[in-house]
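What follows are several structures.
Below are two complexes that have chain A in common, paired first with chain B and then with chain C.
Our next item is the complex of A and B:
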C-alpha cells in the first residue's frame, strides 16, 4: 500500500472502531468511579474527579475498586457466571449430539432433499420466543423444572440446534468427499469414516459452532427472565438487570463491570475463530 | 456357543448393511434433531397457535374458542399498529445503516495495516457482549441527566446545532438541551435504531469480509487488465460478486433485529406512552403483563410468516445471484 492509502485506511477504520468500542471504553471508566463523582453533572465524565470536581494528573487516586468488590462479594454475580457456564456447556453438548449427525446427513447422505430440509430446519430458528415461551413455561412447570437451570438446558437447544445444524451442514460440505470415499474403499463403515476421517477434519467448524451456540445461550433473555425467579439460579443476562437495577436505583458502576468481564474474553474468542466462522457461515448458505 | 454365533451373524450383518445404505442412515441421523425440535418447538408452536384463537387469560393455557377475534382486535389497536410500524422501522433503518457501514468498513479491514488485530478486536466487541448487558451500557450513555453523549456534544458546542437540525428535518420538534434521548418518542426511535445498528454492524462486517475474500484473485487481475478501476470496478465487479453473501448478512440482520426483545425492553420498556413498542415487547405486555394470553399469542404470530417469507425469498435470491 502507498502512504496515502495507509492514511486513508486509518481515517476510515479508526472512527468506526471508536464508535463500536466507545460504550465499552466508557464502561471501563465508569466502573471505577466513586458515587459522588458519578452523580455530579458538573464533573468531567471521562476521568476521575475529586469532590470539588477538580482534575488531577494522578487521576487513579480518585478512582475506587469498591463497586467491583461489591459485585463479587455482595451480589450473586459469581454464581450467575458459573450458572451461565453450566447452562452454556450443557446446551453445547446437547446441541452437538443432535446437530452433528443431522448436519452430516443433510450435507452428505440426503441428496436432493437435503438442501430443502436444511432450509426447513433453519426456519425453526425464526419462530419467535415470545410465541413459544407461554406453552414452554407450562411444560417446564409440568416437568417440575421451574426455577431450575435444567429448564434453560432443556429449552435453549430449541434455538441452538437449528442454527448449529445449518452451520455444520455448511462445514461438512466444504470437506472433500474423496477423503471419505477413500476410507470407504478401504473397507471402513460409514460411521467409522465419520468418526475417524470427517470429525477430525471438521474440528475447526465444530469449535466454531461451540462458540456460537455458547454465545447464543449467554445472550438469551426472555426464557432466563421468565422461567427462573430465584436469584441464585439465574444466568448473567437475567441476573444482572434483575438484581443490579432495583426500581429507580441503578448500580451503574457494578453494572458496567458486570458487562465488561464476560464481554472481553468472548470478544477474544470470537476474534480467534472469526475466519473459520466465516467459512462455515457461507458454506451453509450456498454450495 | 457356535450355534449362537451363527444365529447372530446374519442379523448383525443385515443391521450393518442397513447402516451403510443412505436411505436408512440419513433419516436415522436426522431423526434425533427432528424429534427434539418437534417436541420443544413444534408442540409449543401448535399450542400457541391454538391459544391465539381462544380467550385464555392469566396462568391457564386453555380457553373458549373465539375464532379470529384476537387477530382482528390486535389489528384494530393503535398500539399494535405502532408496534408493527416500529418493528419495520427499526429493522429497515438499522439494516440500511449496517449495510452501508459494513460495505465501507470491510473494504478497508481486508487491507494490511499496523494494529489490524486490535482494530478487529474493537470492532467485534459489540457482537461478543451479551445484548442485555451492552444495552444497559447504552442506557447509561443516554441517561436523562448524566448522558455522556450530551456532555460531549455540549463540550463540542454541537448540542444546540443538533437540536436545530432535528427540528429542521422534522424529526423531533421542540426538543431541548440536554436531549432526552429515551424520553421523547422520535428521539427514542433514533436511539433504538442506532443501538440495533451498533450491535449488528460487527456481524455484517465479518460476513462482508467473507464475501470479499471469496472473490478469486483472477477476477481482480482480469478487471485490472480491462481497465476497471475505482467506482466502475466497485459497481460492475465487486458488488455483484458480493451480492449473495451480502444478502445473507442482511437476512440475519433482519432476523436478529425483528425478533429482538431485550433492546427495547431495557432501553424504554416500550415507552414513552407505548411509542417505541415492537411486536415482541407488545406481545409480552399484552400476553403477560396484562394477562391476555390469547391476544398476546396472536400478536406474536404476526411476525413469524413475515420472517419466513423474507428468509425464503432472500435465500432464493442469494442462490440465484450466486449462479449467474
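Our next item is the complex of A and C:
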C-alpha cells in the first residue's frame, strides 16, 4: 500500500472508529460521574466537572466509584453475569449439536428440496418473540420451568438453531464435496468424514455460530423478562433495566457501568475472530 | 425388644455391635454436619423452619421496583420476612419495572401460573375475570379501621358485579412540582390552568419550559384526564356510561384540549410527544423544566442528588383549578390482584389485610409516596399524616404537607365520577387520551373532531365490556 493509500484509508477509517467507539467512551466517563455533575446540563458531559462547571480530567478528585460499588454490592449484577454465561454457554452447545447435523444434511443429503427447507427453517427465526412469548409462557409453566434458567436454555435454541442451521448449510456448501468423497473412498464412514474433513474446514462457520448464538442470548430481553421473575435468576438483559430503573428514576451511572462491562469482552471476542466471522457469514453467499 | 443393631448382627453380618455403633456414630456425625448441604445440592431442601414453627407454604408476590430502593429493601428484608415468620409462610417478593407490569401480568394469565399476589400501578380492571373478588377482605379492613377512601373504592369496586375485584394497597397524590425562583422570575402563577396557559410562554422565554407529557405512558394518561376533569370534560358519568361526546362534557373536553394546545405551542417543546414516564423527572432534575406534574419522585430525587439548590427551589402545589373545579387523578393507584390460579390464596388474603392494618411504616419508609387507601390505617388519619409530612426536614420546611391536602380534597380515580371500569383501563392501556391531546397540539385535528373520534372509540370499547357484563 502506498503512503497516499494509507492516508486515505486512515481518513476514512478513523472517523468511523471514533463514531463507533463513542458510546463506549461516553459510558466509561458517565459511570464514574457524581450525581451533581451528571444532572447539570451546563456541564460538559465528556469529562468531569466541578460544581462551578470547570472541566477536569483529574479522575481521582472529580469522579466516584460509588455507582459501580452500588452495582456490584447492592444489586445482583455479578449473579446476572454468571447466569448469562451459563445460559449462553448451554445454548451454544445445544445449538451446535442440533444445527451442525441439520445444516450438513440440508447441504449434502437433502437434494433439491434442501435449499427450500433451509429457507423455511430460516423463516422460523423471523417470527418475533413478542408473538411467541405468550404461548411459550404456558409451555414453560406446564414444564415447571418458570423462574429457572432452564426455561431460557430450552427456549433460546428456538431462535438460535434456525439461524445457525441456515448459516451452516450455506457454509457446508462451500466445502468441495470431493474432499468427503475422497475420504469415503478411503474407507471413512460419513460420520468420520464429517468429523475429520468437514468440521475442521468449517471452523469459521462454527465460530460464527458460537459468537452469534451467544450474542443473541446476551441481548434477548422478552423471554428473559417474562419467564424469570426473581432478580437472582435473571440474566443481564432483563436484570439491568429492571433493577436499575426504579419507578421513574434511572440509575444512570450504574446503568452505564452495567452495560459497558459485558460489552467489552464481547467486543474483544468479535475483534479477535473478525476475519473468521466475516468468512463464516459470507461463506455460503455465492452458492 | 430387639433394636435395629441386634437385627443386623443376628442376620450374620460381618458387622459387630461395636463396629455398628462406631460407624453409626460417624455416619450420624457426618449427616448432622453435612447432611443439609446434600439436601440443598439435591434440591430436596424441605420446608424452611423458623424457630419452633413449620412453614405452611410459600407466598409469591410481584410488585414494582419502588423509586425508593430502601423501601424495597425494608419491604423484602424486614417487613415481609417478619410477617412470614409470624404466619409460617415463606414470602418471596419479586420487583419489576412498572412499565412492564401489564405485559408480565398478561403472560402469567396466559400461562395460568405465576405469583399469588400481583401488584398493578393503576387499577387493572381488565384483568378482573382472572382474579378472585376481595370484597370480604375490604369489609374486614373497613370494620377495623373505618371507611375506605373514595379514590380507592372507586378504583377497585365494580358495581356491575357488586364486588371489589382488587385490593387497594396504596395511592400517590399527583402534585405540581415547580421551580419557585423561575416562576417568580417570570411572574407566573399556578393558581389556575388559565394562569399556566398565559405564563407558559414567559417560562419558555427564560429557558425553562413547562413539562406536561402527551405520549403513550401512564403519567400522560393521569395528567391529561385530570385536565379534562378540571374543565368538566368527563369521559364517563356516574353510571359508567361514556358521555364525553355529549353536551357539557364535550364542551369541557374541547376547552381542555384547546388549553393544552396553547400551553404546548407557547411553553413546551415537541419532546413531550415521545416522553416516557421518567422523562419529566430527568428534564426537571437536569434543571430544564420549570413545571411538571408528577408524584414526589422528582423532588425526592432532587434531594438525593445532593443538588441542594435544586432541592430547595423545588416546591409542591395542588393541580391548577379549571373553570369547573380543581381535581386530579391519583398518580399511582397500587392494586393487588389475587389470581384465581394463585397457589396460596389464604396467605395472600392475610398478607394484604395485615399490611393495611399497620400502614404507617409503609407511608414513612416510602418517603410519603405510598398513601393508605384506608386513611385510618395510620392512627389519627389525615391529621397524623399531615403532622408526619410536615416534619420532613427538607427545605422549604413543611413543603410535603400539601400532599395531605391534595390527597384529601383533590384526588380522584381514573373514570371519575364513575368507577375505574375495564373500559377506562383499556382506554388507558391503549393510550387514547394522550393520542387525542397530541393530535390537537400538533395541529393534526381540531379539538371537536378529536373528541368525536375519541368518543366513538370509547363507545366501542364500552360495548365490548358491556357484552361481557363487566360494566
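Just so we're on the same page, the second predicted complex is superposed on the first by the 267 of 287 C-alpha atoms of A that agree within 3 Å, B and C clash if a C-alpha of one lies under 4 Å from a C-alpha of the other, contacts with A are read in each partner's own complex, and residues count from 1 in each chain.
Throughout what follows, a contact is a pair of C-beta atoms (placed from the backbone, for glycine too) under 8 Å apart; a residue touches a chain by one contact, two chains touch by 3 or more.
Predicted model, so just to flag it, every value in this text is computed and none were measured.
Three-chain overlay on chain A, with chain B and chain C in a clash. When both complexes are overlaid on chain A, the residue A:36 reaches chain C alone and has no touch with chain B. Once the two complexes are laid over each other on the shared chain, residue contacts for A:146 go to chain C alone; chain B is not touched. Comparing chain C and chain B on the residues of chain A they touch gives the larger count to B.
Contacts of A:5 after superposition on the shared chain: chain B is touched, whereas chain C is not. Of the two partner chains placed by superposition, only chain B is touched by A:267; chain C is not. Of the two partner chains placed by the overlay, neither chain B nor chain C lies in contact with A:179. Residue contacts after overlaying the shared chain place A:129 against chain B, while chain C stays out of touching range. In the superposition on chain A, contact of A:242 is made with chain C only, not with chain B. In the superposition on chain A, A:157 contacts chain B only, with no contact to chain C.
Of the two partner chains placed around the shared chain by superposition, neither chain B nor chain C is touched by A:199.
After superposition on chain A, the stretch of chain C that runs into chain B among 271-279, 343-351 or 379-387 is 271-279. Shared contact residues on chain A (touching chain B in one structure, chain C in the other): 39, 41, 134-135, 138, 226, 241, 245, 250. By the touch rule above, chain A contacts chain B in their complex via residues 1, 5-6, 8-10, 12-14, 16-17, 19-21, 23-24, 26-27, 30, 38-39, 41, 45-46, 97-99, 101-102, 104-106, 109-111, 117, 119, 121-132, 134-136, 138-139, 154-155, 157-158, 161-162, 165, 189-191, 215, 218-219, 221-222, 226, 236-238, 240-241, 245, 250, 252, 255-256, 258-259, 262-263, 266-271, 274, 277-279, 281-282, 285-286. Against chain C, in their complex, chain A makes its touches with residues 34-36, 39-42, 74, 133-135, 137-138, 140-142, 146, 225-226, 229-231, 241-243, 245-250.
Against chain A, the residues of chain C that register as touching in their complex are 62, 64-69, 72, 92, 94-98, 100, 103-104, 106-108, 110-115, 219, 276-278, 280-282, 285-288, 294, 297, 301, 304-307, 310. Considering their complex, residues 16, 19-20, 22, 25-30, 32-34, 36-37, 40-41, 43-45, 47-48, 51, 61, 101, 104-105, 108-109, 111-113, 117, 119-134, 136-141, 145-146, 148, 151, 198, 201-202, 206-207, 209-211, 213-214, 244-245, 248, 255, 259, 261-262, 265-266, 279-280, 283-284, 287-288, 293, 296-297, 300-301, 303-304, 307-308, 311-312, 315, 318-319, 322 of chain B touch chain A.
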